[in-house]
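Each chain gets a letter, A, B, C, D, E and F, in the order it is written, and its residues are counted from 1.
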Amino acid sequence: MTKRHSSPGGRGLAIYPGSFDPLTRGHLDVVQRTSRIFDSVVVAVAHNPAKKHTFSVAERLGMVEDAVRHIPNAQADTYSGLLVDYIKARKARVLIRGLRVVSDMDYEFQLAAMNRRLWSAVETVFLMPDENYAYLSSSMVKEVARLGASVDEFVTPFVARQLAKKFGA
Amino acid sequence: MTKRHSSPGGRGLAIYPGSFDPLTRGHLDVVQRTSRIFDSVVVAVAHNPAKKHTFSVAERLGMVEDAVRHIPNAQADTYSGLLVDYIKARKARVLIRGLRVVSDMDYEFQLAAMNRRLWSAVETVFLMPDENYAYLSSSMVKEVARLGASVDEFVTPFVARQLAKKFGA
Amino acid sequence: MTKRHSSPGGRGLAIYPGSFDPLTRGHLDVVQRTSRIFDSVVVAVAHNPAKKHTFSVAERLGMVEDAVRHIPNAQADTYSGLLVDYIKARKARVLIRGLRVVSDMDYEFQLAAMNRRLWSAVETVFLMPDENYAYLSSSMVKEVARLGASVDEFVTPFVARQLAKKFGA
Amino acid sequence: MTKRHSSPGGRGLAIYPGSFDPLTRGHLDVVQRTSRIFDSVVVAVAHNPAKKHTFSVAERLGMVEDAVRHIPNAQADTYSGLLVDYIKARKARVLIRGLRVVSDMDYEFQLAAMNRRLWSAVETVFLMPDENYAYLSSSMVKEVARLGASVDEFVTPFVARQLAKKFGA
Amino acid sequence: MTKRHSSPGGRGLAIYPGSFDPLTRGHLDVVQRTSRIFDSVVVAVAHNPAKKHTFSVAERLGMVEDAVRHIPNAQADTYSGLLVDYIKARKARVLIRGLRVVSDMDYEFQLAAMNRRLWSAVETVFLMPDENYAYLSSSMVKEVARLGASVDEFVTPFVARQLAKKFGA
Amino acid sequence: MTKRHSSPGGRGLAIYPGSFDPLTRGHLDVVQRTSRIFDSVVVAVAHNPAKKHTFSVAERLGMVEDAVRHIPNAQADTYSGLLVDYIKARKARVLIRGLRVVSDMDYEFQLAAMNRRLWSAVETVFLMPDENYAYLSSSMVKEVARLGASVDEFVTPFVARQLAKKFGA
């Protein structure tokens, strides 16, 4: 489903999970930062049938794959079920999360605490995206695209085209 | 659709956008504060077909019109599409937001940053409503009205009647 | 509907309201703390037809009843309509809320202020659950259960069985 | 040092500790709320030689005694050393704290967690003062008094006189 | 002490108070935003003998004067005593504050509420500086300068030279 | 000054800076987590003559050295001057910070943004300590020790002895 990474996994592999509905430049900034401090990074698109998404899991994966193509040690993947089970299966233990704003933090701490309870070896690592993306969110990008404004500043060209197609612009 | 303002717009005109579903005394307090420090203020009711509201845009506009009737330099209007496009069309550049509580702030900062990206000339101005309205929200008012309690302390008499009609009290 | 408490109500009676969809060990920790500092505590399950719940009000009440059975001065009940009306009817004036994280607080302050406006005699008392439950929420527990992982650490055995039944595990 | 309370202490006794440098109407509001839901309340002025205060412990105690004179089940006291030791000595287990603003909360949670570690039986109870006092602090009151403005709205007449004397107004 | 403004003051005059110890590019960004939405803005350097500053009030005023020289409707001034008295004396009613981060907000709300109590006509207007300055503070700039690193990105050239002189670089 | 690490530094080396006045079990928890996801970690005790500390830099270094002795890929060091200069000199680029509570975050984001401006290659990585240490701080530990209570739960035995010596217990 995605390009294969040669790394044996384990210590140096970081998993960056999310719904990426769609991937923004803020997400991509986090991928790049991760790729510079870990051996490799997998951007793991969550496949959760219980949640409503604007883009299908295949569309979301496609947008991530397009965006990380130029980052040698990054790849895209999808997962379903419990995140810690996926991390174990990948033989990883590092889970990456971007922290943009203070109100993210309570939720992120809940998630990190829960994942730690489910598997004590998992370690959540929080990175701070560039200030220019501090206030960027997928839902705000979709709202702007839906109203017909340009989102080139906020997403990759490929994602911009997908948004235009989706919202019939 | 609304009473016309004689001001030429521009520098002294402030736009106060929102869904106002319905307008509360907290919103009205922000309108009054704005009317005292800017030449004129337009309370702009968002018409967003993608969002579910309790009241129709016409009902929400009617409630705002009733409430601002006694403020000479305030008027009601509706807008659809991108907020910054509406602000440009009104030849305004000041966007008013009320800040009630800390958790508002992250969202408001996201919104302000996004609007600034979409049009760098727009300036978001945050005002603090009276402490008595610090914890007031449209959704809490509706919940109280739905359960049959008096909301006279939280909304204008006209809005109170509309809520009573809506919730069959 | 619930075991009867002998206390005459009033000063020493504390009401702990919530949707408890389902009750977690964090909720139970708050019940125990309340039972140690007030004469008696009623865990009041909200019956709100306007909200969607995973468990019916009868199921939620059953889970609370099972959990508080071993706390002599605690009982379960349900209420509908305005919370302050229920508190008045129980001749109580103390309303208990657990505070887990900072982002809870704005909402809780809104709720406390609104309840105080509706009945000035009501006093909201905030308790802090054990740190081990600081990041626990009903929705996160349901998400974990839905994905088939064990939730024994987060809920009582009875609730765990109900979750398993509900999610067909 | 303070008027004696006839209550045997224990379950119904709440301790409200602080530096009260000086007592504000916000503090007094918390004392009144506590006095309505617990059998009795002791306002415990901290005597901490390691901290710099504007008023001596005797002056602070005097201001509290004057303010609580009209609340039958409230009294003033001082303590030094570990707060939990004082609470134990008073045969109490309830510790009262007022929560005004979100940024209080992190510090208050630290304090509550630490006190719980030092003595697991202690229970910190958070109350929310009247919205009119939500933004009031002793240091802001002193700053205003130092600059010669009236503080009658923020403190009792006795405290206002003490502030005037201290700042040579 | 400062260049005289010809505006009669009143409605269109905004006061931007602070210690400006020293002025940063974040402060300057707020001045520019204010100058675009109000008729004129006075940057009012607080002279408070009770507080310790790195720069004297004359030095701080000088740095502000240098920075606002190119903004036609901005000027620098100093004030001592109660801020609302100064605002009244200037026949203004608008008080400007920059909001950078969430933890600012609690303090700013306290201050705004206090000022509103002292003079109900004063209106605090919060502006959001450019994201690039969202995390900038005078104290952090001084710390960096004290350690000998360049602060050109954070302050004006004149302020940078003053910092270099002060810290003997 | 510290045991030498054999790692060549660079990619896999993480720097964990702080004043550690004194090191708590919360700090040690962060060191352990870091040691599990990076090749090696240096706990860097800040030597800042402009700040007042309870313990000298030598004492603080000694306490860190004692605590990390059993972690093979961890070592202690001191630094003075600009943190990013130290990180460069160590040929590292990862800076570790523990995030305990929401109010930490604003300050930590300021610091991370400033460090990124000073050297764009530095990457701040935030880790979340065990919930049991979520509310622990050096200053609270010192306050407890100063009042003569046991701090064994919060610090290592060596630090506990140092605190006892310092506060004459």
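One rule holds for everything that comes next: contacts are C-beta pairs under 8 Å (C-beta built on N, C-alpha and C of every residue); 3 or more make two chains touch, one makes a residue touch a chain.
None of these values were measured; they are calculated from a predicted model.
Student: Work out which chains are contact partners of both chain A and chain F.
Tutor: In this structure, the chains that contact chain F and also chain A are C, E.
Student: Please name the chain that ends up farthest from chain F once chain centres are defined by their CA atoms averaged.
Tutor: Using the mean of the C-alpha atoms as each chain's centre, the farthest one from chain F is B.
Student: Taking each chain's centre as the mean of its CA atoms, which one is most distant from chain A?
Tutor: So the farthest one, by centre of C-alpha atoms, is D.
Student: Write down the chain pair with more C-beta contact pairs when B-E is set against D-E.
Tutor: Counting C-beta pairs in contact, B-E comes out ahead.
Student: Can you spot which option in A-F, A-B or C-D is basically B-C again, with over half of the contact pairs the same by residue number?
Tutor: A-B
Student: Find the geometric centre of each of chain A and chain D from their Cα atoms only, then give the gap between the two centres in Å, rounded to an integer.
Tutor: About 48 Å separates the centre of chain A from that of chain D.
Student: What is the distance in Å between the mean C-alpha positions of chain E and chain F?
Tutor: 35
Student: So the centre of each chain is just the mean of its C-alpha atoms; given that, what is the distance between chain B and chain D in Å?
Tutor: 40
Student: Touching at least two other chains at once: which residues of chain F meet that condition?
Tutor: Touching at least two other chains: 101-103, 106, 109, 112-113, 131, 134-135.
Student: All pairs of touching chains?
Tutor: Once each pair is checked, the touching ones are A-B, A-C, A-E, A-F, B-C, B-D, B-E, C-D, C-F, D-E, D-F, E-F.
Student: Applying the document's contact rule, which stretches of chain C touch chain B when the two form their complex?
Tutor: 50, 81-82, 85, 103, 106-107, 109-114, 117-118
Student: Which part of chain B faces chain D closely enough to touch in the complex?
Tutor: Interface residues on the chain B side: 101-103, 131-132, 134-135.
Student: For chain F, which residues count as touching chain D in their complex?
Tutor: Of all residues in chain F, those touching chain D are 101-104, 134-137, 140, 144, 146-149, 153-154.
Student: Could you list, by residue number, the parts of chain A that touch chain F in their complex?
Tutor: Touch residues, chain A against chain F: 11, 33, 36-37, 93-94, 99, 102, 105-106, 109, 112-113, 123-128, 131.
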